[in-house]
Structure formats: structure tokens, C-alpha cells
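Two complexes come next, and they have one chain in common, subunit A, joined by subunit B in the first and subunit C in the second.
On to the complex of A and B.
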């Protein structure tokens, strides 16, 4: 039985990076722009772009879909604030704080390691810093956000996190990652 | 120094001798050897037995096209790989190899008696002979044929090695590091492209490896290769993959590469992957896969010691091995002349050089003669001698009548044959590119590309080193420009100064079919033992297309995919049929180019990583309470909670009684959840589900039914309206992903005008079901003053609140028929909350229960399970859910299909309950039902059992079934025929327990 938790020790290049709350915002462009402004951004994010202003991160998931990460503010406080800003705009704001977990993977060689399971081109010339994408890591859906040349933020549904981490650690046996 | 190794030269490291064994005998080779070259250096030519006739076979080639020298390489009991081409197995210290397909020994093989009966084993023999009696095929013929005609044995133990997989992208992928590939890589890299260069050998250079005379830009070929490789390796935008076979060309320039990481190491570092499967997406692909020399077809052309001229040259120049001392060379093209010279220079004696072509006065022949070599034109080999190694050939001149004249015998220990080079178009063909038949070269060459791909060098029929280099460079420049979108590359025309060119591919200048010499045992396909006579027979029996001839004779169908046989077979068939070669056709090449291990495809996806194992937030709680888990999709769900050595039956009976009498607690977190939000949410729900949602008040929920557009039930679940513009939809555990996908499909493609959006919230919520008469007593004190009385929160009511401070969405719902609540809390709080509820409920007899009990309890109430009581062919009415359909709705998914007459017939299979006459008999789920006793097969089957359980609450077994016209059969007795006899059953309502629902509304 696989119940026994035999996951290897967490390596240095892998860490937890949970924000205080998360929301999926969907709606037409004016609604998305209004939300961006309410969160302190000058404008909405462009295609596959992510932005972080220290308090909030705004990630492009699709033409009418954004992921909001609030580093400090809880869902109970933030939800009404965004809803107020969006009054009059048709939209869907859904609290997904607990749906997923966040991981930070960081180190020399991390791009290769991610490419063991992610079929996207992660070369820095193709997937620059602050690009983000809803993609796959083998059989798990992830949201991948490049925070630096050798650093990625990963959002993953909570029940898939164990699979994701195990796979990374397994693959790292052949592609050693030196912790930065 | 072994007898056949030259004292100097070659790319072997004489300071690193390596010991290895073949069939248990010890030999010595050097670092840089392949198993084939090392065995040849030890004078070993007999490597295996052929597939069908068990004829002795040796080493015919020096590369991946090898059809004969298949061996098993063994590290230990579990690490044992059959069917490796000895020509590709790199030697390492302690390598342990075995021949295959022989018993009791390689030199004396009992299976060879098959050859005595070879006249009885013509093409299609298996099809013709083993047809009757039909029953004997599985029991007798097939096992027998399989035993005698095996090719190695697969290891029985699990593979202990690790296998890696990697995705990669590049601007230009170059397959093959021969002269064309290297020139292409150099040029593409110089233009700033991201380049991946792969080659199947341990050393780059391709045909240059067998060449020590050519000078490229003033350098020796080895210097040029080393220099180019060093330059490429130093470029961070270039990735060089050696020991890497491009085995498959998939759509949109996705190439499968198999990299062998440890097979060449004597002691692989523990934990290191054995192979890595690359999936490379390239903007542009350059195929520089070279050409493959073809054998000649003549009687007895398969004996050990008969090999391709180019292969002999490769062993000589690359491995410093002389494969024989008394050599007969037979050729149909010019390349063998250089081979003969090189062998002669290395100390071999060319006892006879034969040019098959009709001209006897070639200047090249005269030049050889000056070296003291006996050589003739217009001669043929008409037979060979020797058992486990060739000892001689019979040669003759064939006159116009076909008779052999001037026949004589020559003793020799090596026969080299050269039937011209054929472009390796396998990958091009895999890419769906169109092959073009080149009349001059008599081969297929790449025509129109289907992908962003170009071929360069010998693989597109370019002969000569200088031309190949130039062709490669041009391809590299063009590919880089195309990938990077830079200026046209045509300006680039890099020049290479080349002299004393290597034996590059040379076409035949006589009809290929005329090269074949009839006679017994003139093999075309060496791996599948297909001879000229087999092809003739196929043609005589009326086969006209190469696709049919191939399947009938099995030519080209072995693991080598006919790399040395396809073209000879095709030309011969075309001549026999009197047709042009392209008219007879060319078979399609399929991946893999050479065999790839299954483990490589599996990669890391095995054991724990085969599939994600999804666990709920309350998983550890269930483990603590002794849960036995079952897999539901990817989820681990607690099935039952045995106490004191209870079996499942006892545990389920106890859990069922506890729920009915007190209360049960159940982890329902895996249910799919979708937030349907937006001003048009209610309209969207009306269109998706059969139900009417407009009148559903905020704070209320109802049971929803979802159909496919064909009108059949697809999913179900409780749907709550949590705000005017917001629905909390639940789906089945297994349906979560597909229901969301179906909804998104309709939302985005059919109803893009609706202002509504969907978000999966399955994992946002942990869901704890409290079910049983004491549920409210347990819950009420914990919900921070929230009024959950029957008046405040009636059945199907939904309310937001907190549970000991934790935000909560509380449903009053029941899948058991008892008073029930489903507590939704943020997933991270699930473990804490279930522990609190469990602790608070213990004094009320609160009992954890699992999915098995859940199934029994719902069946007692006649509630269906999607996928168990439905199978994709039942309408809402069939399963008694017609009441859920909003009658006044204009449309919903599936409505039109339901209006079809066939969907309304009274004899459709309908869901009913069944009671066995004997209350202890639990019917088998899936059992068929008939309406009269004593039927004999074929019976008239009228339905089948969908759910069946022993009900501890009711004291008898219960079952649900779908039966033709079932609702009209209430009270009838039907029969379930089983191996042990018929079981009489009575049709009843599927609601066995509390049909009035009195227990629900309390």
C-alpha cells in the first residue's frame, strides 16, 4: 500500500511558497483591468505575463482568466475589496486559497529538471522572467511562473503536490540541481 | 595481440585492454571496440542462428542495419537484454554476451534440421499448413512455432534500472554526425541557432570513421571531426548527444531520441539512469542519416564470413581489425575497389575480385590487377562453401541462356559484397514526406517534405565527401535562417577543400534486379530467412503489390525493418512482375528506426510515479482509524474501517447499522465541485442540466441530472444556489474533470454570449458527511450558534457559517436516507474539523464509514451510482429520474435526443429492484436475467444486475437491475442463470428502505 509516506527528504532547491490567499478571477477585459487597478497594478497583465508588486501577484491564465496571489491579505478581507472594485462588471471571483499549494524551485539546472515533465520550451529566450503558463508536469496540471533565470514559482492542486515533488526529486538523480 | 588485430591504427585505445565473454568463452578486446569488432579481432565470425532455418550467421554489417548478429547481453539475472545488434554493442570490461536461437550450442544446433525440410517451408507455409484443425492453432501449432522460431528471451525479473525522460526544444535538430551532419551543425551554430546534434554511435564522424586518407581543409578526417566537435561542444547553444538514436519522427517536428547512458560502462554509477528518452521539438530538422550499403543476392550469401565491403573497411580503419586474410570481393559498384585496396594494403590477400557488371575492361580492374590482385568482370558467385564460416566460393560466368560457364572454386575465409548504397530515408518516410524514385540511382530519395525538414548528404543520394559536406553546410545555413527568421542563406556557400575522398555512397550503374543470382538459399532478408525463391513463389501465387508480397513472405518485416533487404526484394519483385519499381510500391517505414526498450517509454512513470496518487485532506485521519483504501480514479478513498479483525462484510454490516441507528461520519471530499458564477449562471445551468433552476432559491439545493447531447445520463450531483449569480455544483468523483470539460466546451463554443464562468473548486473544500438520526445532535453544539433545526435548515437547505471558527458551507443533504449534513470547510482545515466532529460524536455512537457502506446505504434507498447503475445508454426515465426534468424548459443538453421515438419505447431497459427468493443469496453484479426458467443457450436475455448487496438493516439481500420493460414487471418472478443453477428473483421497487422518506425530514 502506498499510504506510508516514503517521500525522500526535501532537497534544498525545493521550498514551500504559499501566499495568504488565492483567487481565480474571470470576466471581460474591463473587469480584469478594474481588478488589476484595485490590486495596485498600473494595468492588466499581458498574455502569459505575471506581475508582482510585493503585496499581490497577478498571473495571466487565459484571455479572460487571472490568478491572484495575495502574499499577506487573507481571503475574507480581500474578496469584498475586489468585489467592490468590480461592482457593475460581470465577473466571477472564486476563492481557491486552499485548492492549490505553491512551491518555489530554485537552482542551477532547474530548467532542465522542469523539462523532465513539462513539455514547454523553458529556455530563457523563449520563457523569460515573469512569464507564466498553465501547463503540465507529466500528469499534473501546474501553473509555472518564472521568477528568475533559475527560479520558478509553481502552483499545483494540493492532491497532486506529492506526485510533483516526488517526480522532481526522482528526476534530479540524473540532473543534479545546485542550490543557489 | 590477437591474430586478426593490426599492430597499429584505428580508433581503439590499446592501453585499455578489456576482457569479455561470448557464450561463456573469454576474449580480449580494446576500449573503442564494439562486440562485433572485438569478436572479429578474435577470429570469431559465428554469432547466431537464423530465425527460421537456424542457419549459422555471422556479422554482415558494422552498424544499425545488422540483420544477423543479434546477441543477448547480460549484466545479471534482471539486466539481460536480447536482440542487441553486436555491431552496436560497445565493449566494456566484463561484458557478457550470448548467442541466440540455438540449442544445445551455437556450433551444433538441433534446430538446423529445419533447413533439411526447407523445401517444405515455403513462403506462406504457416498460413497454409497450420489452418486445420482450427482448434489446434492455440494449443499446438502456435506454441510450437513460437518455441522454435524465437529471437532471444526476455528477462523474467522486473527491470531494476532507472530510465529518464526529457523534453527539449531547439531551432535546428540534426540527426547524424557524419560529414553532412557535422557541416550542418557547424553552419547552423555559427548563425546563432539553438542546435541539437545527435548520433547513434559513440564517436562522431559517420563514414569518416572508416577513412584515414581524406583531407578536409588540409586536416585529416579525424582532426576535422575532432576540431568540429570541440567547436560545437564549446558553444552553449549547442547540445551534442552521442549514443543517441533518433528512432521516431512525430508530427510537428517532434523527434523521439533514445540516449543510452550506461550500457557502455563496466560499472555504471548506482542510481544513474540507463537510458534517457528525449522528446525534441525542433523548428527545423536536418536529416543527415547517411546511406546503407546493400548486400548481393547469390546462393549461400548468408554464411558467417560474408559481409559488406563497407563494413570490412569500417572494421579495418576504425577498429584496426582485419576480418579475413584470404578475401573474395564481389561488387556491383565502384566503392568496393577502394575496399579491396585498403585490405590488400593492410596485409590481406585478395584472392579474387569480381565485378558483376558486364564490362570486363574497366580501367579500375586493370589498376587492381597491377597490384597483383586477380580480378575479373562479368562474373558471379554461384555458390559458397563452409558450415560455421565460409571456406570458399564457386564463381562462374553466366551466359545468355543462364547457364554457368568457366565455373571454378576458390578457397577463402572472407567474402565481401557490395551492392551499392541506399539512402537511409526511414525518418523522412516516418515524417510522411513523399519519397521519389530516382531512376538513375535506382533508389528512393526524399521528395516533398511534409514537415519543416530537409535531408542532407548521402541520405538524399548525394555522393562524394566534398558534395556531402557542402550539402550539409547549405542545409545548416538554410535551416538556421528559416528557424531564426533571418535573411535567406543562399548567399552562404561554404567551400570545403577535399581530397582523397572516402568511399561515399555510390549508386549502381546496372539494373539492381540483375545483380541477384538465382539458386538455392539466395537470401534477400537475412533476419527473416526470406530467399529469392520465396519472392518468386509469392509472385507466382498472384501477389502484385509489395505490401502483399511483404506480408506473405515476411520480407522486410523483421526488427531491422528491411534495411538491407527492402530494395533488393522490391527490385526483384518488379522484374518478375514486369513492372516499374514505383508501380510495385514501397512499404512505409514506421518508428522505431531501431528497437527501443519498453522501459525507456515508461521512463520514471512507474511505481509511485505511474499515476498521481491523490489523497484527501483527511487521509491521515482515515489511516489512524484503520481504513482499508480503494482506488477511485486517482483518489485513495477509505473503503471500510475494520475493527478487531473484522472482514469487509462484517465491518460494512456494522457501519450500516451504526448509520441507521446512530450516526456515521464519512469523507466525501473527492466529490467534484464546480463554481458556476456570473449574471447568466442560472441560464447556463438551465441549458446544461435537465432540471429547472430559475426557481431555486438562494440557500437551497437540489439534485441535478446532466445528460450528453445523445440524451443519456452523464453525471449527477447536488447543486446549491449560494447566491443569485453563483451555483455550487457537485459532480461524481470520477466525473469531476469531464463534467467541467463538457461545461467549458458548451460555454466557450456554443454559448459564448453568456456571461458565466466556471472554476473547479473540488480541492478547495474538504467535505465531511454526517449521516444518521443523531447527526444534528452532534453537529449543533459545534457550529457557533448557527440554527440548524429542521425549521431553519430543512432538507436540501444550504447555509454559510462557521464551525469552531472555521468558515463552513453547510449542506443538509442525504445519500443514505437518514438525516444528514455535509460540512464543507477549507481543505487545509479538513483534518482538524473531522477530528473535532469525530470526538464530539463519539458519545452518540458516531462511527466512521467508507465507500462500501455508502454504496449499500444508497442502494437500500434506490439511489443510483453513475457508471454502476448507468452505462451511457440509459435515459433519465430509464433510471426513474424523469421527475427531475424541467418540463417547461425550451431546451437543455440532450432534450432533442430524448424526443426520439426509440427513447420513449416502453420496452427500454428500466431500473427496478430485485429480491432473491432466498434472502441470503447475494446476486452477482453484471449477472444476466431471463424471464422464464430452464432456458438453454442462447437464452433470451432481458437485462442485468447493476448493484447487489447484503443489507444488514433489512436482513436480506437487495439488488438493482435494468430490465426490458422492467416497471411493468413488478411482482413478476424472473431468473438469474448462474453456473450453479438458476436463482429466482422477484421484481420490486428499487426503494427498499423507508419509501416514504420519513427518516429524512426530521
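On to the complex of A and C.
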């Protein structure tokens, strides 16, 4: 391997934010509400909304689809718990823990940097804190969740993570991000 | 870039969508009773409209749902979008 093939040094505004486990849940609204309550949320999330109660994050992916992130609890403990709450509801619950990885991008100018590859309007007036969306970063599908005015959580399929990071780092040469 | 209004999520960039062909084409209820010509026409023949065309789109890099749009094929302007299963707005067209 030549020197040029090694990944560029990870900048301060980019970090790993992997939860202990991840699930995709699909079903009708009563099933989604039952799962939300089993995870300790007062209600299901609305369109393009994400919520975090410290233990779990619940992200809206589509009218019938949610992404569940468990910060501490592994899939082996969590899966039966959600499945119990969903007994009697038609649903699909898929463990996607190892399909994707999570990144936290955080810093002054991070919105403009993400907009180098994401076609959605990420201005805070259009994409508020705790808004989430499945979208694209250039050619790679991502799930984007705004955690603060200058902070985003990104879910990306494992094999695209390197592509995503290299694109961001390249783009940051023209649009410097100052680490918060 | 074109903006397309997803009936579930709102207005999003065209890049998040994929095209799904002409809308409102009903699959024959009992294919074994259909003649080869009728089956071929169900599979392959489309209206190729010049003007307002009802077509399927999928918000594939978003909510994942299929929906329908009325698009003017001469101007590429999308006039209206509506959920799958609904009739086109202003049926009279």
C-alpha cells in the first residue's frame, strides 16, 4: 500500500457515535405507538421527527417505518422486549446493528459542509433541531438527524462510511469547519 | 434542480426520487383468463401522452413510499402529487 491510500487524519469535527444496537421497525400506527411506549416515549414521533430519551432514540423514516437506536442496550436484550410489546400487531422488526455505522459531525460551518453533498435545505429554519430524514450524501444513502444548531448524527451503511468521510474531509478544504 | 412534493414528507429535491412509469394501470384480476395480446398490452403498452400524464414516483431516498404525480410531459412541470390509491385530482382531465 502506498502512503496516498491511507485515510486522511480524522478531523476534530468528525467522531464515531455508534449506539449499542439498531433496529428498523415497520408496521401500522398502533404497532409503532406500542413500540414507542415500550421504549419509554410518551407517544410515537411525527413526520421527520427524532426523539432521544437518553436510553433510546426513535427516528421517523417513513409513515410506516421507524429507526430505533439503543445507546446502551444490546440487540439480544432489546429485541425480545420490543417483540413482546408488539405481540398481536402485524409488524417487521429487523436488527440492523451491523448494517450501518454512526458518525457525529459537529462544528461551526458543519451545515454548509453537509450541504456540499446533501441536496436538502439544511438551514436551521428548514431543518430544525431534532428533525431527521433519510436522504443522500452524494451517491450514498444516509439518515441525517440534527442534534443541535451545529451538530448532526449521521447513519450510514458500513461500506459507504469511508466514502462519506473522505468526501467530507475533501470538502472541508474549501469550507473549513471550526471544532466547537 | 427540480423540487418534487412528496405527499408524506413535503417538498424535496428530485435526487431523492425515482420514476415508476405510468400510473393507474390495473393488473388483470385473473391473468390465466387473459389473451396473450391483452397480457402483452398490460405488460408493455403505455399511453405515451403528450401533455398531462399520470405517473408513479417513489420517494426512495426519503420515506420510501410510492405516490402519483400529474406531470405535463411538454414542460416537465409537475402539476400535483397525490397518494397511491387516490384518484387523480380533477378527474375530468
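Things worth noting here:
Rule of thumb we're sticking to: the second predicted complex is superposed on the first by the 175 of 180 C-alpha atoms of A that agree within 3 Å, B and C clash if a C-alpha of one lies under 4 Å from a C-alpha of the other, contacts with A are read in each partner's own complex, and residues count from 1 in each chain.
Note that contacts are C-beta pairs under 8 Å (C-beta built on N, C-alpha and C of every residue); 3 or more make two chains touch, one makes a residue touch a chain.
Since the model is a prediction, treat every value here as computed from it, not as a measurement.
Touch criterion met: A:157 reaches subunit B, while subunit C stays clear of it. Judged by the touch definition given at the top, the superposed model places A:27 against subunit B, while subunit C stays out of reach. In the superposition on chain A, contact is made by A:119 with both subunit B and subunit C. In the superposition on chain A, A:48 makes contact with subunit C only, not with subunit B. In the superposition on chain A, contact of A:136 is made with subunit C only, not with subunit B.
When subunit B and subunit C are set side by side, the one touching more residues of subunit A is B. In the overlay built on the shared chain, the residue A:92 is in contact with subunit B alone; subunit C does not reach it.
In the superposition on chain A, subunit A positions 65, 119-120 are in contact with subunit B in one complex as well as with subunit C in the other. Put simply, subunit A touches subunit C in their complex at residues 47-48, 61-63, 65, 119-120, 133-136, 141. The residues of subunit A lying in touch with subunit B in their complex are 1-3, 6, 24, 26-28, 64-65, 76, 90-100, 112, 115-121, 123, 126, 138-140, 157-160, 162-163, 166-167, 170-171, 173-175.
Those residues of subunit B that touch subunit A in the shared complex are 162, 164-169, 194, 261, 271-273, 276, 279, 281, 604-605, 608-609, 611-617, 619, 623, 629, 634-636, 675, 677-679, 755-765, 807, 826-829. Residues 1, 8-10, 12-13, 15-16, 61-65 of subunit C are the ones touching subunit A in the complex.
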